[in-house]
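Two complexes come next, and they have one chain in common, subunit A, joined by subunit B in the first and subunit C in the second.
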Partner chain A sequence: MNIASNSRIRSWSALESLGFVSRDGGRAFQFDGVIVKPTRQWCVLQTDASPSSGPANDSLGQPGLWRRGTDDDAVREFHLPLAILGPGRLDEDGIDALRACVDWALCTGRGVLPNGWTCPPREAIESCIPDGGLTIQSGPIVRQGELVTASDRLALRFPIVPAVAAALPEARRKWLDRLIAAALQHWRMVRVDWGGTPERPSIEAEVDLSGAPHEVLDRLTPIAVDALRWVVEWLLLPANIVADVRVESDLFNVFSERDIPRKGA
Partner chain B sequence: MVLTANSKRTKPANDAVLRRLPSVSLAGPHLRQFEMAMTTMCGDPIWRGRKQAEAHDLLALSQVAPDGRLAVMSLDLCESLRALMILRVPVPCRPDTANRLPLRDIAMLGLTYPREAITHHLPGYAFVQILEPRSVWLPAVDEARQALCLGPDMPVGIRVAELVLMSYGALSMQTTQLDERDTAGVFNPESALWWQQNADRIPLSRTPFLRQDDSMLGPGRQR
Partner chain C sequence: MSSQGATAVLPDAEPESFTLEAVDVTGTHWVTAEDIQPSLPAEAVARALAARMALPQNVPWALRDDSTSAFLDDRTPIGDQLEPGAQVTVVPKTHLG
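Up next is the complex of A and B:
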């Protein structure tokens, strides 16, 4: 192990002040069912996705970055980009920001916001979003994302398929399920899931920043926009083609008899 | 004027690509996609084994290709091998009234590889459908269903990755068939005549599927 990685592990050991216990030689930390796995660019917090492990905080509209895991559908993950910690990353200021973010993750993991958190002024968040950042075109399809703000809510959302036909054949729904699963495997941080109502289902992508420490939002917001754009651009065309019953293809007439493995299954 | 077809068979460079695909180690999302597809695979042992190999090579091709060249969006191995893919390649669409040729830069393809493909010759239009864009303007694409014809009939046991490479060649017109009287390979005679009169535009791209510097055996790309 080189000096740089030793230094990195010593810095991550600051998590111990939050009650985390080092494991795997300092490559991971654990606290009350939450495992932190630092990587070069991400701090990944992970919990069991079974109903007994707490509220289902990984669905659209829930506060925080919790979502289905990239590698394992049976876990929930909270993907924190380390770039938000600033150029020094794990220097003193970075450690303070990291502690605040971990606290954010732990609170939203329990389905609540950090004590006293309120949404910053909408204009402050808008100033962090690049011009045109919430407009995406892929082929003939254009989607407009939205910034959602309320006193207890801060989120960025994109409709991918705004309205899925209620009569969409089951095989096509399974293709859409598989596309959602593939998107979650490919991309971090962003939730992608079915939304809308039973009568008018939709497929949406979301990054929920509710509860995020204010001091990281100027760096986190553009990263969130970027993450959303990657996912939406990747998924927009295929999801809409599959959901469009006017596009006839034998491909969509059949899908696996067995369901895609779901979390907690 | 009748322009004869380039060889419909893949070029030697493609053969080299195909030989090496089985030794590529899948990584990152490609590996996870492979593992997920395997969980729902059905069929007799021979067909399962073949689908496993074909799925591996298809995802390996996506992994070693330049970023964005080939994205396998969804893969189903339950019955036929079915894949939903996005291929970054110039795609011509029907010219407008001023004879301007709209070019799109991606094609969304649906690929179906049935079990019969490993035991029988299947026609060249049996595998690939262009789902997007619409109004594709190629002699080898029928206007209604947009099936892509890759040749009169395909060799028994043709590989899925080869079908993808052939599709890339056909869409970019690096391989093409412009004889409007050849009913075996031309689905759209009107388009064939148009391309005969605009042969200077062929091919739409000379970029090979893999660049020279793409390392076939290098580490897998990660997000």
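Up next is the complex of A and C:
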């Protein structure tokens, strides 16, 4: 798809003001090791995860939306929903917002916040979260997410498996790794990873909005809540069943990559 | 009173967590819920406990504190209403206003 002819977004040339150059016949843009790949609903920034490309902060607790790629573990991606730029063709405000969001991605890709960014008032963010939006129940399991705010931090987090037994059998741990990988392949925007401590590991989901332009937060926050809810609801039961050693199954005693269905297979 | 025990794991991600004992109104099913997140609304905990007891999910459920016989407020975090180790009864709301 030639992005230039996309009636939804005609102004990807806004990226040129940030130093991006068009490539792949206009299907992507590149600047300093970061590739921007617009799709119909997302603006995906991608960077090589190798150290020579510079650090890309994709771990839990790090600012921004960087995380493992959906199709490739070797890359890091930043998934920006285009809905936050407003409906229809980009106007001047939309173009400015796009520039600010890309700057947010570039800064957090280097492990820093955009210059001068501070977290908006907590009440402003809370007003963007639907009532009950941070409570998820899946059958017998219920989880409460949290809104994390500090002067330099804004994030939404959910515990999926809050306390994994430190002595969890290796096969079960590999199944949990596989569930995490499947979630990252299936869903955009949300980080899912091991957290906690070595003595009390956990599995958590997070969308980190630290550094996000204030002008897009009223649209971005509800999208982030929805994205988290989908991932957490998807993972809650299977992850907790695998992590619960009281649930016995021959399936959990053996792990083989050979038995994992591949994408496109 | 016959009892059918089951342990529901309702853990949290933060250091503060507690356990409570729950029973249905008939006394048939009881559950030990471990590591409850104090920030969870009581209504959500009630639904999860009901699910663990295989009680119907198309019925609204409430929690009654057995020590006071008072119903918990649905929207208030359960940690604000119960002490660790509390015993509650899972009650259908069909008769409540």
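In this section, the second predicted complex is superposed on the first by the 244 of 265 C-alpha atoms of A that agree within 3 Å, B and C clash if a C-alpha of one lies under 4 Å from a C-alpha of the other, contacts with A are read in each partner's own complex, and residues count from 1 in each chain.
One rule holds for everything that comes next: a contact is a pair of C-beta atoms (placed from the backbone, for glycine too) under 8 Å apart; a residue touches a chain by one contact, two chains touch by 3 or more.
Remember, it's a predicted structure, so these values are computed and weren't measured experimentally.
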Touching partner for A:182 - first (subunit B), second (subunit C), both, neither: first
Contacts of A:139 with subunit B and subunit C, given as first, second, both or neither: both
Of subunit C and subunit B, partner touching more subunit A residues: B
Which of subunit B and subunit C A:249 touches, first, second, both or neither: first
Contacts on subunit A seen with subunit B and repeated with subunit C across the two complexes: 139-140
Subunit C - residues contacting subunit A, complex: 7-14, 17, 35, 37, 39-41, 44-45, 47-49, 51-52
Subunit A partner contacts - residues on subunit B that touch it in the complex: 29, 32-33, 36, 39-40, 42, 71, 73-80, 82, 84, 86, 104, 106, 108, 110-112, 129, 131-133, 145, 223
Footprint of subunit B on subunit A - complex, ascending: 70-71, 139-140, 175, 178-179, 181-182, 185-188, 234-235, 237-238, 241-242, 247-252, 254-258, 260-261
Subunit C-touching residues of subunit A, taken from the complex the two chains share: 132, 135, 137, 139-144, 146, 157-159, 161-163, 195-196, 202, 204, 240, 244, 246
